[in-house]
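You will see chain A twice below: alongside chain B first, and alongside chain C after that.
Showing the complex of A and B:
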């Protein structure tokens, strides 16, 4: 996939794939956040269209990558405004949409859980029973609290928090919030399904072809080998296209129609399909007068919406990310994933690290302020260094947090006055444990073919792996082909998430090339990382290696309106060894720009349980005009080091760096985004003398 | 299943006006399409026919003199970049130049932005402050409508279905300023827009994007300093609340931005 083909519009994404006789699908969605479905009557839909109603799918299996809580359509209850209750396939998308209007649904509205507070009050249960999934994405010990809306609770116990707190001279306690955000990839969710001799075949943009395969096998009662998932390049994803979203519904329609069916979501439906988790974190942190951290407690709640998706995983990652890359002898974390009657929330570039860093790193600056210490000093005094023990009990190696911080600080002239400037340091784990396999084949006509499940979502994985292969094989790029991942052909891979592909697959590739040399025709390589955390103590190995970064921001504030201008923004990211320098730089820049949106104005808004800004005018993302002139970044490298994933690292530290820059002016905010109105309220608090 | 709208593309104004006289209720004029295309794609409107104005040469052009004449089909980008406008009506060039992105400005037209009467558009407040008039024509005749009276409320104008805006006439001012206050992306519409113009002893201040139509209070501008007038505008306006800001927040910004506009006008 060359840059030219992307720019010239020649790449065929999932939404462009076609098959002879194909029909187009549209989805009928619940208008209520919570309702009993009394009756669905599709008898008025003309015979040339195919309608799918709850009765068609009642007998099918339940799915969900971590918790089995999803049915192909809502059966007896619709659990969020936007929950699919029926679908139609017809000759054109417009015809399908016209047919939707002919389906009659009788609802009986039920009391709904609209936010975390209501969910925790527990008077309405979104799901009666919480069943853990057998999908391999549910590998980490899920701890549902039956009879409540908490579908997972992750805990870290390290030292004794209460004892640690007694040693503290200064304690800060504060609550921080992050709203839902939308990924807004250029290509919406899109999927094409066909049944062929009892086998299901899907062309779908997904980072997780093997997880999709096992969930669909479950839904349709098939052997996994009887489901084939092909992954065309995605027109962006940012995490939106992980696990099953449209696939089950499209496949069920295709089966009923007896013809291939394609479903491409209209833009507005993206906001009811997958968003970023809103989060509420309370941080209590104590230090001695010289700035040595002694104790930290984090209580975290994320709103996963009506279906868990990978929310339990996000809660786990938030759990340790919110401790931050610090040496703290006494730590207690309680991190929960909570159901509400909102659209489902799932993976979003950063996978919880943005919400975690916003809370953890804002709290660090409040602490520095109270101690009268330079925020950089406070961090450098406590940051993890090689050989230190993290709150999970693991000893960290090859860590460069201090260097990232120093580089970021220097980039905004930290030494020459700190007014209007802020910093944030970031620790993010990589999928652990996981397994990656890759095959290299000598093609008949000469050259080589790479067979691997790594999906191309615009991150440039194919290019990066092709470059590594070219070096290992001693063959020019033009002789190496890398077809779309196809679960019928490629060997197993956990998934293309958590910035792991270049690292994991790159390592597996070395073995594959060695094996190819022996075999002559085909070589398969495997790379595993091992570890994992005990869900009740948080002890173990969180990550086999760490994504590490820091951001520094300088702002100017219009104190009469609260408008924030980011003058300089710098990210320093540890890259180890860089495989594809232009690609690496683009990942950093893209992450920072996305971080700016989260920091300054992105938020999904709700009224009465409905998303009210489900279009790109009412929900804005940064444009080229929003990029500060002073947007710069560093890739820290070390000769001979491991490759470190770069897909996400520069995003999560951006909002907190900007929030801390405001904090340096006495403008203390706890809630994202930093809309001028929010900032003006903080200025009022400061000037009213009521600043905490 | 709807049928695709009938496509009418007259090449003369007379022909267009005759078509409108005949089918005014079902024929929808299409200029740059930046507003209409979104509605059509989402099927929020399903017009029986579209009357494209693209081939009517008489609707184009930008001319100067005592007054500035902007053809209804002049694009925002043309207004923004026209040396004539920049020289004689720099605040007009600015108000059109801060709309959305170059992509939108290359397409959006002068007639379209007035006829769609979106409360959060930039040019209307500036045109009001300068006392501009829209020239509306129908098969029955011509009339001039002050922009202030053209936009009557949210997406509502005083145009009749058989009328087209053919041009906008903008008088000169001694000095004029346009300030666009955004709360989100730089490509966003304004949260609060302030246009101010001075002609001799008269000062006009118009606030846009805060209510159904541009807000103008001549009696509040007669005396007092900039800060005082800003406060009066904030008191007089009942702002709306939307994704760009609450009503209370808008009131505060109105006071600040009106004051700043008047200070800028005085320099």
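Showing the complex of A and C:
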């Protein structure tokens, strides 16, 4: 796809794909957060439309990438407001919408679990039994606590926290909250399904074609090879389009209709399909008087909603991210993934690191304040350096946290007064273990074809990999084609997540090109990274290499209105080696801008279990008018270094850098987003609780 | 009902329902896929087209109201159009979903103010959301196209 084609609107996303005879799907959703489904009657739906009801899907398999907790439609109980209870396929989207109104559903409302506190009280169980998935996305030890709403518990034990605490001269303990946020990709979820000779074929926007394939094979009782997943370019995702969302339902409708069916999600339904995990973290951190960290305990709870999705993975990554890139001899982390009767939460750019950094790095500034130390100095004194041991027991190499911090601080003139300024350092893991395969073929008419599962979601992976291939093959870019991923054709890949594709696939490409040179027609290369963590001790290898960054913010606060203006925002990110400079810059800038939204105004709001701001007017995302003039960034490189993915690193440190900038003014906040009312309340606390 | 308008300079005549939006009929009946529905309520700009030169959310305009108008979309611009070239040179896009609407809105701005200030650019494009956050380079692209 050439640049001009993209600019002139010639890209055909999943929502634009069509097949002859195709019907359009709409979904009927539960209005209640928790209800028994007594009866679903679709007999009034006209014969020219096709209705799918729970009875149609009762015999199908249960799915879920890490925990098997999801059915194609809610069967006996609706578990969140927005849970699909029926669906219709009709000749036009309007006709399908009209037919939904003819379906009668009788509900019996049940007591619902609306937040983490209620979930942990445990009087209502969202799922009675928790079954671990056999999908390869369940790649680590998942530890459900049966009979509770905790579907996974991850623990880190490093040294002895209580012993470490005794050595501390200063201890800070604070609780931090991050709300649900919505990915809001400009293209909503979209999927087209057809059945052909007993095989299921899907064109769907997903980063995870092989995970979707195995879950769908499970649902429909097919061999994996009898499910074909083709991935057109996505109009953005940011994690929203990972694992199964619309695919099972659309495929079931297509099977019943005997015709292809396309489902393009109406915008409002994005908020009941996949959001970012709300998180509650309590951090207790101790240091000696000279600012040496000696002990840290983190208790973390994330609300994964009614279905786990990849919540257990997020809980694990929050667990070690919340320790931060520091040398701390005594660490104890308990991180839990908890069911509630809320819409499901899943992967969101940053994958838990945003929530973790908000808590961990705000706590660092509170500690610096108590110690009377410069927050930069406190960080530099403790930050991981080459050869240090992280809380997981792994020795870190090629780490540049100190340099990232120094560069970020310098960009906002840290040395010339710290008032209104804040910093945050970030450590983020990459999917470990994982496996990437890529094939390079000599095309018949000359030139080359790259075949791999790396999906294009705007992150520029195809461009980056084409550039790498061009260099390895000694061929111009114009001679290299890179068709849409198709699981019938491309070799295996874990998935296009965690900013791993340029690094993993780039390495696999080297072998593929060597093999192509031997074979003349086709070469396949593979690259693996290995490791993993023990879920009960957190020891092992969390990440085969580290995504590293820091952010620095300078703010002005209108103390009458509580409005925060970000004057300068800088991110310094370790890139190792940059493959595509403009693409790398876009990833950094885009991450920072998304971080601004999370910091200042993005939150999914609920009333009675229902989302109340499910549109882009009430849920605002940053526009070009919201971008500070002083938005800058650095890409740190080193000759001969490994390529480090850049898709996410500059987002998670932004909210805490801004929060810390407020903290430097005595405005101490613990909860995102930093809306005027939150800031005003913090100003009141600073000023002794005066009434406004 | 019949609606007649000029689409990228060519006359078109479409059979539409009175309650259908211009976006629906452009996509369904006129092969215009560069205008895209995203928010569906006229705040995101992904469906921006020019109606008599004014940037308009096609998701809000009822198709019959376009009768007799000049409608322009990204399909009518070529790769050598100065705004398109500037967006390419500035790398001012990621997933590309919002880009045609952004480019159409930028052409309208530059037609009205050939040398806009940054503040004018920000104001003119504030109704075109880019969740990828390509704004720094979009700003640069519009400056470049203006130069």
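Throughout what follows, the second predicted complex is superposed on the first by the 688 of 692 C-alpha atoms of A that agree within 3 Å, B and C clash if a C-alpha of one lies under 4 Å from a C-alpha of the other, contacts with A are read in each partner's own complex, and residues count from 1 in each chain.
Here is the rule we go by: a contact is a pair of C-beta atoms (placed from the backbone, for glycine too) under 8 Å apart; a residue touches a chain by one contact, two chains touch by 3 or more.
Everything numeric here is computed off the predicted structure, so don't read it as measured data.
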Request  = Applying the touch criterion given at the start, work out whether A:21 contacts chain B, chain C, both or neither, answering first, second, both or neither.
outcome  = neither
Query = Touch check for A:147: first (chain B), second (chain C), both, or neither?
reply = neither
Inquiry  = According to the stated criteria, A:605 is in contact with first (chain B), second (chain C), both, or neither; which is it?
reply    = first
Request  = Have a look at where A:221 lands relative to chain B and chain C in the superposition and call it first, second, both or neither.
outcome  = neither
Comparison of chain B and chain C by chain A residues contacted = C
Key: chain B versus chain C as contact partner of A:186, first or second or both or neither   = second
Message = Going by the contact rule set out at the top, does A:675 touch chain B (first), chain C (second), both, or neither?
response = first
Message = Just to be sure I read the superposition right, which of the two partners does A:621 touch: chain B = first, chain C = second, or both, or neither?
response = both
Key: Shared chain A contacts, counted only where both chain B and chain C touch the same residue   = 617, 621-623, 625
Inquiry  = Show me the residue ranges of chain A that touch chain B in the complex, using the header's touch definition.
reply    = 94-95, 97-98, 268, 560-561, 563, 600-601, 605, 612-613, 617-623, 625-626, 675-677, 680
Ask   = chain C touches which residues of chain A in the complex?
value = 3-4, 6-13, 15-16, 183-188, 233-236, 238, 266-267, 456-460, 582-583, 585-586, 589-594, 615-617, 621-625, 627, 629, 631
Key: chain A-facing residues of chain B, complex   = 1-2, 42-43, 101, 181, 183-189, 243, 245-246, 249, 252-253, 256-257
Key: Parts of chain C lying in touch with chain A, wherever the complex brings them together   = 33-41, 43-44, 46, 73-75, 77-79, 84, 87-88, 91, 93-100, 103, 118, 121-123, 125-139
